[in-house]
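Chain lettering (A, B and C) follows the sequence in which the chains are written, and residue indices restart at 1 in each chain.
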Amino acid sequence: MFSKASSLLLGALALVGFAQAEEPLHVRVDQLIEKQAAGQPLAPVAGDAEFLRRVYLDFAGDLPTAAEARAFLDDKAADKREQLLTKLQTAPRFAERLADALNVMLMERRGEDPAWKKYLQDSCKAGKPWDVMAKEMIAPDYANPDLKGAGYFTVRRLEKVGQQTTDYPGLTRDAGRMFLGVDLQCCQCHNHLTVKSYKQVDFNGLFVAFQNIKLEGGEGKAAKVREMPLTAKYDFVSVLTKVAGQTGPRVPFSEEVAIPDPNSDDFWEVKPDPKKREIGVAKFSPLKEIAQRIATKENPWFVKNAANRMWWLLMGRGILEPLDQHNNPANPPSHPELLDLLAQEMAAHDLSLQWLLKELSLTKTYQRTSVLPEGEAPPEKLFVVAKERPLSSEQLVRAFLRATGEYDAAAAADAPKGHGLADFDKAFRTAFANAPKEPELTVNPTLKSALFLRNSDIVLSTVKPQHANLVERLVAITDPKALAEELYLSILTRLPNAEETAEVGAWLEKHASDRPRAVGHYAWALLSSEEFFSNH
Amino acid sequence: MSNPLCTPQDHLVSRRRFLGLGAGAMAAGAFGGLLSAKAGEELKKKEKQVLFVWLDGGMSQLESWDPKPNTKFGGPFRTIPTNVTGVHLSELMPRLAKQMDKLCVVRSVSTQDNAHSSGIERIQRGDPKTRGVPYPYFGSAVAKLLGPCESKLPPYVWIKPGSGGFRPEDGGFLGPKYGSLAFGDGLPPDDLLRNPALTEEEDAERNELRAKLNERFVARRPTNYTEANSHVFDTARELMKRADIFDQSKVSAKDQERYGKHDLGKHMLCARRMLESGVRFVKVTSYGWDTHGDNFNAHASLMPKFDQSFSSILEDLSATGQLDHTLVIAMSEFGRTPQVNGHAGRDHWPEAWSIAMAGCGIQKGAVVGATNETGTYVKDAGYDIGALFHTWFSALGIDSIKTEYDNKGQPLPIAHEDMKAIKEALA
Amino acid sequence: MNALKPLHVVPGACQLTCARFSPDGSIVAAGAVDGGVQRWKLENKKLEPLKPLTGHQGWLSSLAFHPKEPWLFTADSWGRLRCQTFTEEAPPVIWENAAAHDGWLRQLALSPDGTQIATCGRDQFVRLWTVQGKPVAEYKHDDDVFLVTFSPDGKAILFGDQHGHISQWDFAAKKITRTFDVTSMYKMDRMQDLCGLRVLTFSRDGKLFLVAGCTPNNGATTQSVPTCLAFDFATGKLKHTFTYGTPKDGAIEDAIVHPNGYVLAATSGNPGTGRVIRFKAEEKTAFDDTISLANCQAVTLHPDGQHFVVVSTSSGSGNGRPKTADGSYPTNVCPVNLYFLPEEAKSVEKGPNLDAVIDAKVPK
């Protein structure tokens, strides 16, 4: 179904797979990274504390408590890292964390929806293959209560939100970006000017399927989409060359799907009735046709995009950058062989996102320290040093509540008004999430987030001594060194060095007249520090 | 580069380069994205400011700047003479009639879109040729091209009824940092004021501690995120220091009376204080100008409030000399239909409408262009919004032809390249 | 009940603001947005056009016939008040005052005895004149005055303002003697004052004081519920509240009390919405709302109690944008619809036609 070039590529992928089938994937990943490092020194594997903090944030979206941290640091077992990874990756939180990450990636902060969230969480918990999920999102089954939440991907993009109009081109663009890793936006009006392999027909072949759906509404809010009968190809003209083109439903870089003859009796599921103004229902569903052709192991861009995005999630940078510019010969991946390998292995493992993430977490590449070597910083694209990644608002709110010892109080059914988990979620999302429709590839510090940290009641409330939270626990510790350790372990998941311990002691001494406030301020300074805000 | 280009990776305009400046933040490197940094430096010295009054919906040109009394679509109102011989305005703007010598009214505005959903965006972004990337709103453009004033206050502030907050979308491809900082009901953004639970001293001391912790952490880390992060914290501190300018209780009763106690009056007064304090671009929005029904009683109610508040700020900016370096614009997204519909309303009419300007670089006491006798269409070609953008940039001393945005290597014109400034509107 | 069919419809040449039958029922006069007064003669169940009267500016905003003399009083939005005869081809002007008000003269009303005229306007003045045009008294209010009428005894003037306050002005004593609160018919929407007052009138026995118009909901594409409040005029207490339909139904734009006691009203609402409704002020629902006409602006009743005329608006007038096929850009027009109520024949009492005297309507 794909062009010759793509088929050849798939063939090549298979060969790579056979040649090195004996080694586990994570070993082969490190080999390929090391091979390409070409003399650049590889950063050492991170220490226990850095590792601990990183895997908690990545696989639980949370921090360990001080006690958990201490236990891990004190553990002498040789395989304690593997044990911890297994513990985190088999816990229910892993599915929730992955669902959070997919939500941010796929919806780009367009809004929150309970049914969508539940769909993502259930799918991640069930370990649903990515092709199955993608099909469910592209051509949603609104009749199935377990799957209709997947329709939010489409419905939300077509809703009129404020000044935003029904945005079919935007939906088309995002389907390409999210599922194939190609941003075809420019191709709505003309062949791409800088990416020669992106043609106008590539955009419009998807567009013809998406522009053919209409929102149908529940109360005040559109609940689902309905697909109209498609009886003719779509005409387009290049605004640059004035050359006209025509296409039926077509997945980029592949062959067009033929539209059945609308005059044949076999075309209609329900025939149109002009008297009742019923437009009828066709058997042919362009949306299902393209969903099947996008979300399949046989589509190399579908698989590579997924592999690259999972890599990005753990490494902070894609093997291909930008994430949505696959199939551009002028912009090859930094490690083409590696991307092919990941794609091939992922395809061989049921297109499981979790499987790939687990394998990647075992690599040295993932486990390296983020401390830069002396001298000039090595290029990021070599992956010889771990990249610092800012926390998403979802990771941040949990980390914040865990560190301050406020999580249980906020999650309790009788949480004080305005201080429940949902309140914290909302406040942190408002302060730290990117603007809607901005790909959240990094989190920008904003004036809003700075003011929120400095002055908001909800932040300040967490560093007041109360219900056995961190500050209350610390105030009860008389030995400054012990206090400093508990403080640093709770917030930064590491022990303070001597200098840091001394600083805590000096601060407490200086502010001895009001010890609870002094401890609160110190905790606040650590919580607003960059170390806390990064997954390093 | 006359072909339109698109950058599929437009969103990558990084966020790395702009990282940290964040919505509403002020930019040390405000000229980083301009092709000519020198031009930027020149512009910065002049401390030019903008007041942009946005009447959301559409003010009827026939009940305001371009009355057609005693014609078939003219409506019930009379006209009154102004202090510029030969120029008449609707009787609904008696105070502005006395300020006509400061104003320039373009009566032949002719734009493309009659729908709100797309019209607001197209107008406020200057409706350039489609580039596949969203253009910045005028306020974001000015924030980019001129940066913040010496005051270091955020360069693009929006005073509006209802909720406030940060609106990064305004920035378009320039990035979220050029978005607007909205003061809902004239109130400052959430958490602007120091939390009452903290003394000034405590607040300062714990921030010093925070800065010290950061310094140590970043010693062997990449610097971009760090700089950005400390920058927004510094900005927050500057803004917190100036919290007094957002204190409505410091406004004199006399001024409140002069500007009017309605939303537009209060917000226009707030705008004056922001301009005085050194905000580069202040947008004031008034909602409810979409008079599809009962248009004439609606304008009888709305226009006096506009007349009162807009003439007051013109008087005040003029009295202090600030008007000389402040570009003032009052406009809607389109005009209203000459035809009166069945429920005595007027609908959307981009075909022929009016925009008023004053101040910095603008011709005084001028009427530019005209509509036909019944006000249905413009005489001659009329001016699209792109021409107005050229005019405004020119009035601010920005060469609207030579200056280009640098969208990550892609040069983009700052205003529609097939249009140019309206000479008669410029001083 | 089947909808009544019109006897005759005049297609209309202009948008109209108000309409009245002459006291003898022979002529219908209507005010137009071109400042003209259109006239028709009622002959053979048809409305035969007469030459329009000219000489006003802006909008012709209000008109009333004298109950006995052959005089037609007209007012416009530029403040002119005029008295002229109305049967001739080119009727002479008897007197006029080009500046009776500064700007929009919103309404005029004649005293029950036919000796005085009351006027009100956007200039916040209420003025009393002799029917010869001589000023008698004036009252400076602090708000735009939309409506004016005389009390049944002719000794006071009642006027309603933009914010929904009705004041009773005893012009001989030069003071406001009482007020009626109809602020439920006012709303501030964002910055816009929404005034729901359209008609002030009395029941035939003078006991009920009726305020008709709407309860406003929002501006923009206006939404409001047609409303009629009935006050006990002796006590000043609100006795009955009548509403019709939904916020899409707009406002009672004009209303007349029929000699048989009920109210004949015309409504205009969302694009294309409009009804002729008949209701009793003391009841909750209309007993007849079968006539559906787009955006009614005025209604007037023949002294026989059977013929009546409704001014509506051309269909397709919902949006002012459309151009015709040839690209021209026409004005909307107001068709004039003549109806006949057969069942009222015997019940109408013979007597003076109060209709022409006490009801007058304010244009939009």
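Quick note on the criterion: a contact is a pair of C-beta atoms (placed from the backbone, for glycine too) under 8 Å apart; a residue touches a chain by one contact, two chains touch by 3 or more.
Predicted model, so just to flag it, every value in this text is computed and none were measured.
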Query raised in the report: Counting C-beta pairs in contact, which comes out ahead: B-C or A-B?
Result: A-B
Query - Central subunit by CA centre of mass proxy - result: B
Query - Centroid distance [mean C-alpha coordinates] between chain C and chain A, Å - result: 66
Query raised in the report: Taking each chain's centre as its mean C-alpha position, how far apart are chain A and chain B in Å?
Result: 36
Report summary line: chain B to chain C, mean C-alpha position gap in Å, rounds to 44
Report task. Could you list which residues of chain B touch at least two other chains? Result -> none
**Report entry** chain A partner contacts - residues on chain B that touch it in the complex
**Finding:** 3-9, 11-12, 15-16, 18-25, 116-118, 120-121, 130, 132, 154, 165-166, 168-169, 176-177, 179, 181, 189-195, 197-198, 202-203, 205-207, 209-210, 213-214, 217-218, 220-222, 225-226, 228-229, 231-233, 235-236, 239-240
Query raised in the report: Tell me, which parts of chain B touch chain C in their complex?
Result: 57, 69-70, 72-78, 91, 114, 161, 262-264, 286-288, 290-294, 296-298, 300-302, 305, 336-349, 376
Report task. Sort out for me which residues of chain C touch chain B in the complex. Result -> 15, 33-35, 57-59, 61, 77-78, 103-104, 122, 144, 162, 189-195, 219-222, 250, 268-272, 274, 294-295, 313-314, 317-321, 329-332, 364
Report summary line: Residue set of chain A touching chain B in the complex reads 160, 163-165, 183-186, 188-189, 192-195, 198, 239-240, 322, 324-325, 370-372, 377, 388, 390, 434-439, 441-442, 444-452, 454-457, 460, 507, 517, 521-522, 524-526, 528-531, 533-534, 536
